[in-house]
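Each chain gets a letter, A, B and C, in the order it is written, and its residues are counted from 1.
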């Protein structure tokens, strides 16, 4: 059962709830679930300099490839989003700019911080709720 | 004077406000205030493998015991919650799953990160507002 | 184009959106834009023990002076706010108490944490939206 914000028009909360569900899926290894939060023609650019992943199948493939580096590494990754700034446009899209930090923990270890990023999303509303039409991740250490 | 969201039905914001007040109390050493954010029969499981604390008195006792380790340690602990996913159930309870990080600072020192956790709350609404019926903390480093 | 929450009375979301825009300006080096989020007589106390900056011009000057230390340091600073507790008063002001963490990244480097702070804001509503009448920053390592 998923939450429905039928009694509120508060977009900001809806986006926060959407992001929480989306990233808990990714951090839990549910790549299919993560890809399903994008539109059918969605575009996900997570690594500067490499071609963005396109379509849900393309995003799933890209995630499997990216995560191959963790195959023998029992790391738990957690994506934190913060300072979300929303900009709804007249064409119905919602542009979101926010900060993201990956916090990693290995068994018995202390949390570590992976890159700090600025993320630029274009969200659209479809019957099922919000979806990412695109996501572009910029890494602070590559600026 | 506490905030009342009487003009809004936005549950997500209400939960964020509730958590902020709750954890600022805990980080400020107000164990009684923290325990009062639980129901009378509330259950708080903060350390995997040990028995959960039950009832407000039990929670206060458990916090005093846990904090004994900081008796001669002037550490300032701060609990950060993020990526809150809410799931209101038909029985009126609200299930919340979110990330938590403890950030600690010692006098003259830099902030350090204590465990990264996933927290599972069951919230209920009583006349005074939201309360925790239960809280279960899972530590990433113990997975 | 800036977001307007005309269809909602949810203050909490409005404050989060306000803070995101405000701090993305500061982290982007737009000191004038940051100062414009304060009232004309606004007061900004960011360093304990030194005199608060007053008026928008005073805040801009203070930021230029503070940032002189980063002149030859290509650091990217990011301000994260969390656990925001709002307390609207009967005089129309909104008192906010929250946690703040500065996360810094240097080219090719890993993120680092600068001070953890508790911030105490007084917000007021003017025609243009929310503004800071005052901001007081307390550093955990100086407690």
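As a working rule, a contact is a pair of C-beta atoms (placed from the backbone, for glycine too) under 8 Å apart; a residue touches a chain by one contact, two chains touch by 3 or more.
Keep in mind the model is a prediction, meaning the values are calculated, not measured.
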- Which word fits how the chains touch one another: line, ring, star, complete or other? complete
- Message: I'd like the angle of the rotation relating subunit A and subunit C after CA superposition, in degrees, nearest 5.
- Response: 120
- Note: subunit C sits from subunit B at a C-alpha centroid distance in Å of 26
- Sequence positions of subunit A contacting 2 or more other chains: 8, 10, 13, 82, 113
- Message: For a test of understanding, state which residues of subunit C touch subunit A in their complex under the given definition.
- Response: 1-3, 5, 7-8, 10, 13-14, 16-17, 19-21, 23-24, 76, 78-82, 103, 105-113
- Query: What residues of subunit A sit close enough to touch subunit C in their complex?
  - Reply: 8-13, 82-89, 97-99, 101, 113-116, 140-143
